[in-house]
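Heads up, there are several structures right after this.
Each of the next two complexes has subunit A plus one more chain, namely subunit B in the first and subunit C in the second.
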Partner chain A sequence: MESIYADIQYQDVPVEKKQRLFDEVKADMRWETQLYGCYECGICVAACPSARFYDFSPRVFAQIMAREDVHAFYELLNDSVWDCSQCFSCTRCPRQNNPGGIITIMREVAVNNGLQSAKDALKAYSRIIYKIMSTGTQVAPDMLQPDFFPDWGPDVQQVSDNLDVWRRMVPPETMHTTELAWDVSEKTRLELYMIWKLTGNLEMIEQIDEGIFMILEEVMEELLEEHGYDIDDLDSVMDD
Partner chain B sequence: MESNPILVVGGGPAGLEAARGAGELGYPVLVVEKTPVLGGSPILAPYAALTPDMEDAETAMKRVIDAVEADPLVELRTGTTVTAAEGELPELSVTLAGPDGEEVVKVGAVILCTGFQHFDPGRETQMYGYYEYDDVITLVDIERMLKDERVVRPSTGEPPKRLCFVQCVGSRDRQIGNEWCSKVCCGIACKEAIEIKELLPSCQVFVFYIDMRMYGFWEDQIYWKAQEEHKVQFIRGIVTEITKRGDEVVIKGEDTTMGRPVEVAMDVVVLSVGMEPSDGSREMAEIFGLPLESHGFIETIDGPLNTVSTSKPGFYAAGAAVGPADLEDSISMAGAAVMKAAGFLRKQLVGA
Partner chain C sequence: MSLPIIGAAGPPKKAKDRIFDRGDRMPATYYKDQLLDLEAKGELIVHRITEENDPVEVDTKYGRKKIIPRQNTWHHKSCGQCGHIPGYSTSIFWLHRALDYRYEDPRDQTSCTAWNYYASSTSNPAAQAAVALRNFAQAYEDGFYPIIHCGTSYGHYKEVREELLHHQKLRDQTRRVLDKLGKPMVFPEEVVHYSEWIHVMRDQIAARQVRDFSGITATVHPACHYHKLVVEDAVYDKELYDGQRTAIVSALVKALGAEVADYSTWHDCCGFGFRHILVSRDFSRSFATIRKIERMKEEADPDVTLTHDTGCVTTLDKSQFAAQAHGRNVGIPVMSDAQFAALAMGAHPYKICQLHWHGVDMRPLMELMGIDHRKAWTEFEETSKAIKSGEQDFLAWEDC
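Moving on, here comes the complex of A and B:
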């Protein structure tokens, strides 16, 4: 059925595609507790940090999803869904809606379906994705390069010149690292890789960034093989 | 010691409840109803199911009607109107015109329960094309369909796929001259929307509103229920105009919270027409010399702590005769009015 909005975008995209993606969101096991009904009161928008800086409104997500307007849903899925910072300040809703939770599910659907908006939005994060998925840590000390943080003043230069010394001053030995936030044991990495593979996270990455996916798969495969696991036959691990 | 009867004008919910109350208090009461049937708007409109509990209106009203009919202190005159009044309470002479001609009776106190009438969407302008387009109907029209459990698009006889309510038609509108909220239309629209969805689950139902006025338990009992369980779509923004595009009725408006223009074909548009002072209220006010308040309803003089006393001692009014009222209001006011009428009569009998 057509949208009620006269200015609806993406009119060239078949309604069947929009409906399929919409149904995928609503089929998520978390869906039942994300949205009841929307008063359009704006309490979520007033609480939302992203709404202060972007043309973004958590209210619109609750509204449009309650409207079951697949056309307006598709607009959100292709744009605004990426402006949320997932802080969940919006959960102070008097109807107990969770706009941030709606967005979580919508993002997963966008990623799983390899939507261009997902690829574009996550492009800037490919290094972080690689870092987290390969090491389990995100920000490493050596990322603090003076050129990137001029506003931090001369201290950054000083720290980065002698990074390993500064790091060795941190009491826990596991933090005497410069390329990683902390030391990650081989066992931890092995477990992480199994989780990425078995939960379908690796497949999600394949949908949005094939380059990163290939590098990751290689890294993972190597460690898994060392420990006698076949990356393409990990299901047997679950049986053990 | 027996008083003249309390005259109750109007045999709707408020009038019947006033009569029942008078009987229970031991005072004779005379109910005058101009139509041939008792029950008032719930029966005459008809409203098939009551808001908010959705009890069948005939069943609910029958309980009250049975009670007054069984009470020997209650005298019921249907098809009868009050045409003149002379003298003073508690010895007021009232002329009644009924099926058997005219008759003058003495009454001790008067309770006006003359109700309301629905706003006519064609009253001043051809608002929303009510008289032009078959598929533009009112709350009352759809209620008739709901009574038959058959909701259809009038122009085709087919079940509608997309239907909308337009709230505040004839209410809250300075242009029309009705500046009040009619109180019940939000609840009735929600109730009807639920009933429509129960009959036609795949029909999309929209409610275009200015504010949803769902006070008290109506909030979760019918508004949340419509929205959450039946996926009725509430859109803040009032339809500006309704036009015809081929066989389709197209509504135009704004979704104000989204800030987006709405323009879409509807199979059926239901106008949520509000309440206006009834002709009966105006006529009775004239006959009994009671002033109307600024909106044209019968004036009560004592503010929120006394909702039923008019400017003349011994004259009371209850229900939608004094302003928009839901059933709960009407029944409660009827109880308050009959208590005051009984108090007035008792004072006359025993001396103050």
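Moving on, here comes the complex of A and C:
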């Protein structure tokens, strides 16, 4: 089937590849509750923050997926999908569509297939992936550095300069940390890593950033072995 | 041809004349029945709120009564709150201590990892469900009821609940993971956000108020992942905005005697964007300042804007510095409902509310609240010096 758009991008990509990725999205167990039809009323667009500052429209996602236009789908998958804010304001849809939910699934497909556009979108972000997967907390006080947040003003410099003392000036004992948001016990961090391993998540990291994957695996599996865990007992349980 | 309007006896009423009435439209079945069915089949354990949790009931969007536990709560902390807005989490704990409610601040809790999931999608439903249920199992084993600090964790855990209830395959995958970890499969009967705890405690907080907030005007930003993700769990009150938007935060502001000022973009997101706030902040800054802060300034000119989620406080607060450098109409202090409530009850602005971690100048607001911020900062610095010199290890609760 031809695209409805004459100027569609990625015409050199085989339609079979586009169809396979499209089918992967529709095979997701969540798919059946994401899209019920579209009035083209534009309520989702009016509610969408990304639509105000990017060439982005949640309505187009609903329309293209409903039309099964695999060419336009592939363009969205590469050029638009990472602009979404994932705020789910679009769930104001009178047909109870969830364009943000469609995008969550599309992003997973993009990552699982190692699309270059996904790697590019997540290039600066991958060190955060390492943080969450190895420490069990997403952001840490020591990330507040002026070179990372120059636009947040002089307070960031002050936090950075006084970090150790100011963290010890926070009364809850779990929050005297600088490298983690709070003190997560080692056993708990290892359990989190075991979840990533048992659910096949590390393969997703490998698709996006092989370097981060290798460091993560080496550091965490050494720790697991130190604590007497059998790595061979942690193969994916997804297909059992 | 004119189409009949069902239920309309005359011309459509103007919005201000509408009468809010939920009627009897509450769904005949809802998630709790399904959870109990799964428990009866031996698939999982439902973690119940009991009398030991000193529960109270509140209305939700479609009329279901939600049970909020007040006592013996397990605090599922937030990455962004603990990491970058430490006065947020500290204020939540301080309120529990000041009002004499027992809680657990666990070390055996991980992030829900949903910030990463919505930013990068480097995860899948089974992993996300297993992370949620590992935390819930831990709360169950620790003997406390989970209460969730982050709006995204709260929203995402409700998504996880929906997915688990509807997909046997996902339940089986999650169970296999939990078996490997030696954890039971537990889901709480209610997913409870800390702001709901503050909401049901607002009269007790007001009764202990020591600072006069009657001269303060506040705008409220309801967090997207609180009231837009699995909407039926969010708390609504017929007496607030005619039940047409969540009562959370606004009800607290009124209880404390401050004015809640409306503005046209209240439903808009803050611009956080998950990935954007960390690596594409031009978008977050533009949205936060142009669609939220400037609208509030022009339409309400508030003394403070209050919200109840991690990302919203960060985005609305930190985005203002660059906008101010460009001469935009910004400069509204931003804080959480927890910090606002703690300040009302006399909490120290720096030792407890940690306002020096915020970007926008809080001093004019503190003056309106009757706080001597110079004295408070001197007190903070004295203890800082004692820690720096090694005379004192930490700031203890008792020193606050």
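Criterion: the second predicted complex is superposed on the first by the 216 of 240 C-alpha atoms of A that agree within 3 Å, B and C clash if a C-alpha of one lies under 4 Å from a C-alpha of the other, contacts with A are read in each partner's own complex, and residues count from 1 in each chain.
Just so it is clear, contacts are C-beta pairs under 8 Å (C-beta built on N, C-alpha and C of every residue); 3 or more make two chains touch, one makes a residue touch a chain.
The shown structure was predicted, so the numbers you read here are calculated from the model rather than taken from an experiment.
Peer 1: Clash or fit: what happens to subunit B and subunit C when subunit A is overlaid?
Peer 2: When both complexes are placed onto subunit A, subunit B and subunit C end up side by side without any clash.
Peer 1: Determine how wide the angle is at the CA centre of subunit A between the CA centres of subunit C and subunit B, giving a multiple of 10 degrees.
Peer 2: 90
Peer 1: When the two structures are overlaid on chain A, which partner does A:I208 contact: first (subunit B), second (subunit C), both, or neither?
Peer 2: second
Peer 1: Can you tell me whether subunit B or subunit C touches more residues on subunit A?
Peer 2: C
Peer 1: Is A:M29 in contact with subunit B, with subunit C, with both, or with neither (first, second, both, neither)?
Peer 2: second
Peer 1: After lining up the shared chain so the two structures overlap, which partner does A:I132 touch, if you call subunit B first and subunit C second: first, second, both or neither?
Peer 2: second
Peer 1: Between subunit B and subunit C, what is the shortest CA distance in the superposition, whole Å?
Peer 2: 6
Peer 1: Over in the complex, which subunit B residues touch subunit A? Could you list them?
Peer 2: 161-162, 204, 206, 224, 227-228, 231, 233-236, 255, 257-258, 260-264
Peer 1: Which residues of subunit A touch subunit C in their complex?
Peer 2: Touching subunit C: residues 29-30, 33, 47, 49-50, 52-54, 82, 85-89, 91-92, 104, 107-108, 110-111, 121-122, 124-125, 128-129, 132, 136-141, 143-144, 149, 151-153, 155, 158-159, 162, 165-176, 181-185, 187-189, 191-192, 194-196, 198-201, 204-205, 208, 233-234, 237-238, 240 of subunit A.
Peer 1: Which bits of subunit C are touching subunit A when the two form their complex?
Peer 2: My answer: residues 77-84, 86, 89-90, 93-94, 105-111, 113, 115-127, 130-131, 134, 138, 155, 163, 166-167, 169-170, 173, 176-177, 180-181, 224-225, 228-229, 231, 267-269, 271-276, 278-279, 281, 283, 285-287, 291, 318, 321-322, 351-352, 354, 356-359, 380, 383-384, 387-388, 393-397, 399-400.
Peer 1: Could you list, by residue number, the parts of subunit A that touch subunit B in their complex?
Peer 2: Those residues of subunit A that touch subunit B are 1-7, 36-37, 40, 42, 59-60, 63, 66-68, 95.
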